[in-house]
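What follows are several structures.
One chain, chain A, appears in both complexes that follow, with chain B as partner in the first and chain C in the second.
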Partner chain A sequence: MTPRVFEVFRRERHGQPFQHAGSLVAPDQRFAEIYAREQYGRRQESDALWLVPREDIHEIVEFPDEFDLKYRRVDGYSIKARLKQARERSGSPPRGEPLGLEETPEAGP
Partner chain B sequence: MSPSEIEEAARTNVGPSGTSPRVIAFLGKPRNAGELLLELADDELILGWRNSEWTGIAPFLEEDVAFSSIAQNEIGHARALYELAAAELGTTADELAFDRRPEEYRCAPLVELRRLEWARTIARHWLYETADAIRLEALAASDDPEIAGLAAKMEREEAYHRMHAEMWIDRLLASDEGRPRLTEAVDELWPYALGVLDDELRPELVSHVEAKLGRAMPATEPVPRGRHEAELAELWEEMTMVRRSAPAGSQW
Partner chain C sequence: MDSRTQEFLEHVQSGGQVESTDWLPDEYRRRLVKFVEMHANSELMGVLPERDWILRAPTLQRKLALTAKIQDEVGHAQLIYRVVEDLGKPREQCLDDLISGKSKFHNVFHYPTRTWGDVGVIAWLVDAAAIVSQKALLKCSYAPYARIMKKICWEESFHILHGRDVILALVTGTPAQFELVQEALDRWWEPLMMFHGTPIPADEDPMYVWRIKSQGNEDARQQFLEGYVPQIRELGLTVPDPNLRRREDGVWEYTEPDWDRLMAVVSGHGPASQERLGFRRLSRAGVEWVSRVVLAEAA
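Moving on to the complex of A and B:
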């Protein structure tokens, strides 16, 4: 047997994203399907599986950042400090203290 | 069914109580429902047990998981069949599975054989699953809604057992080492495989097997149900050990 590695992705319910479940070793796709069913599907834990030969996965691991371009990131700066300053300016109570607003209970199902 | 045929079928005494046997039509013949269910249940239990002997020592990990899972399915089918049989016979599934003597089991000798060698295991697995599919199809057409319903339910799992068996058969047939080893195993097991089915269903098994192997199978005398292999007694000792060691009425 020439073993090949297959990566298995499973979806729990229709509409949800597929997530990596694990990998298995099988001589070909036909064996891999049976083994994937037995390992990731026999307890009704999945509603669909994706089986991907590992050699078909194109992996990318290098992300050079030589010039510290972190201002490109969407989480560029923290809003926390600015929020605190704004609260102090307006005289509203700091975080954690009651704002005097009644919490509206959520409507039942 | 003629009245005398029905009477004859009802006379077959099975199980501990043998109360008022019910007769159903199977393959156009009257059959004692309890006896028919016991044949199926015993086949599934003993084969499930034999297949489970590979747990931990199968050729590689994935196969170990898959084959153990198939073994568990067979035992699950046996439980469902014993429950139906127990209702027919006024007893319980556990009593039928574990409280009979080895010679009282009605399984086909094919499932009793202990052949811890992979080519033989695959050959037996495939021959049994192929025969079982033919039998389940006939049962699904039975006039008893409970038996027909259970047969249809079992078939939905057995379909994957057959996929597993056939992928192995194709792989062994395609290799220079696998082909002669599989051929030898199938030839050894062939009379046993014929013994799984009633006479009427055998021609279908022959044509399935011949089509897959691409050769004619010898017309041999089937090894009949009711005869037992020596290794069944060993299996029975182990399988019923806990049950026999616990006082009657033990709760688990």
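Moving on to the complex of A and C:
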């Protein structure tokens, strides 16, 4: 059998996400497991490992947004000016940034 | 330079990183392969000077620690050769080029290990010099290489601990033991000062221009001196360079190493170069049956 490339993902502690650690070459899954244990777990630095044959990884890299769907993005909402207007209208004292649930979502999770 | 290459260069020079699946300019790929391959070769060849001392280690504990360090270094070679393979050069070809003398390995691994003092100096100071370079590689523009460097630096820090422990045991021992360390330091100082390469300005160093390295050679050497000369001196050891001194502005002055000699050493004319390559040839032929059996077993 021709050796295959396995991508290795490791988790440092329970509850944390798996992160890509590197890759290894092994003739089959059994050898891949032995190599992965030696390379990424012999000092108890990992709490779990994932081994994925490289050809089983399907990568997506392009995310076209032909119609510029702004309402799905943070920059699709310009609350500031309208909020100011509404406050002036109701006679509320001006404040700094919006609070609580009105807070702008982060750009990513 | 075409506009795509220019854009790539600007990306890496502003701290951007690239992945193996991204487009890479030919020159970048060529230089990267050469650099990373030499690093992998060095990890693999670097175990030979220490291997000589497994059977002669003074205690069982030292024997185990030394064996573990050697396992780490071979593991680093495996990880780094993986990076080279993904850049298009198969590991078998890397090993062929290594034993035929076509590719290089680091200068410090071309020297013999004469005493147990050498083992301490290598694990403490050679690994300290290496960690200065490798920490800078955490910011390498080629992300897969930078990622594995995290694990490698972490393991190297154990080696420095082990080396310091060996050195401390010797310098607090008998006068003969102390002398063993001083004598080893006397021999290793020149190779250590050569380790980070010629003081070529960073902007003229293609490895820095492409941000394969994130610092210039002299910066690395200065960091090493700043971090370790005080540690060497506090143990009562003497650095064998009468011109070594720290200027008021914090820059270390030292006797300029013989750079022609460095070139001669890394091109296979060091005191132990041929012996080491000979051993690597022998062991490659000797374990060839293992890979045959493993591949047949897995079939």
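Keep this in mind: the second predicted complex is superposed on the first by the 72 of 109 C-alpha atoms of A that agree within 3 Å, B and C clash if a C-alpha of one lies under 4 Å from a C-alpha of the other, contacts with A are read in each partner's own complex, and residues count from 1 in each chain.
Throughout what follows, a residue touches a chain if its C-beta (ideal position, glycine included) is under 8 Å from a C-beta of that chain, and two chains touch if they have at least 3 such contacts.
In this text the structure is predicted, and so the values were computed from the model without any measurement.
**Student:** Should chain B and chain C be called a clash or a fit once both complexes are overlaid on chain A?
**Tutor:** With chain A as the common anchor, chain B and chain C collide in the superposed model.
**Student:** Quick one: classify A:G22 as touching chain B (first), chain C (second), both or neither.
**Tutor:** In the superposition, A:G22 contacts chain C only.
**Student:** Please determine whether it is chain B or chain C that touches the greater number of chain A residues.
**Tutor:** Larger number of chain A residues touched: C.
**Student:** Contact-wise, after the overlay, does A:I34 reach chain B, chain C, both or neither (first, second, both, neither)?
**Tutor:** first
**Student:** Taking the superposition as given, does A:E59 touch the first partner, chain B, the second, chain C, both, or neither?
**Tutor:** So A:E59 only meets chain C here.
**Student:** Check whether A:E88 is in contact with chain B, with chain C, with both or with neither, and answer first, second, both or neither.
**Tutor:** The answer is neither, since A:E88 touches no partner chain.
**Student:** Which partner does A:D47 contact after superposing on A: first (chain B), second (chain C), both, neither?
**Tutor:** The answer is neither, since A:D47 touches no partner chain.
**Student:** Tell me the contact category for A:E12 with respect to chain B and chain C: first, second, both or neither.
**Tutor:** A:E12 sits against neither chain B nor chain C.
**Student:** In the superposed model, identify the part of chain B that clashes with chain C, out of 24-32, 114-122 or 150-158.
**Tutor:** 114-122
**Student:** If I apply the document's touch criterion, which positions on chain A are contacted by chain B in one structure and by chain C in the other?
**Tutor:** Shared contact residues on chain A (touching chain B in one complex, chain C in the other): 1, 3, 24-25, 27, 30-31, 38-39.
**Student:** For chain A, which residues are in contact with chain C within the complex?
**Tutor:** 1, 3, 5, 20-25, 27-28, 30-31, 38-40, 43, 45, 59, 61
**Student:** In the complex formed with chain A, which residues of chain C make contact?
**Tutor:** 21, 71, 75, 78-79, 82, 85-86, 91, 144, 147-148, 151, 154-155, 294-295, 297-299
**Student:** Looking at the complex, which residues from chain A come into contact with chain B?
**Tutor:** Listed in rising order, the residues of chain A that touch chain B are 1, 3, 24-27, 30-31, 34-35, 37-39, 42.
**Student:** Give the list of chain B residues in touch with chain A in this complex.
**Tutor:** Its residues touching chain A are 60-63, 65-66, 69, 160, 163-164, 167, 171.
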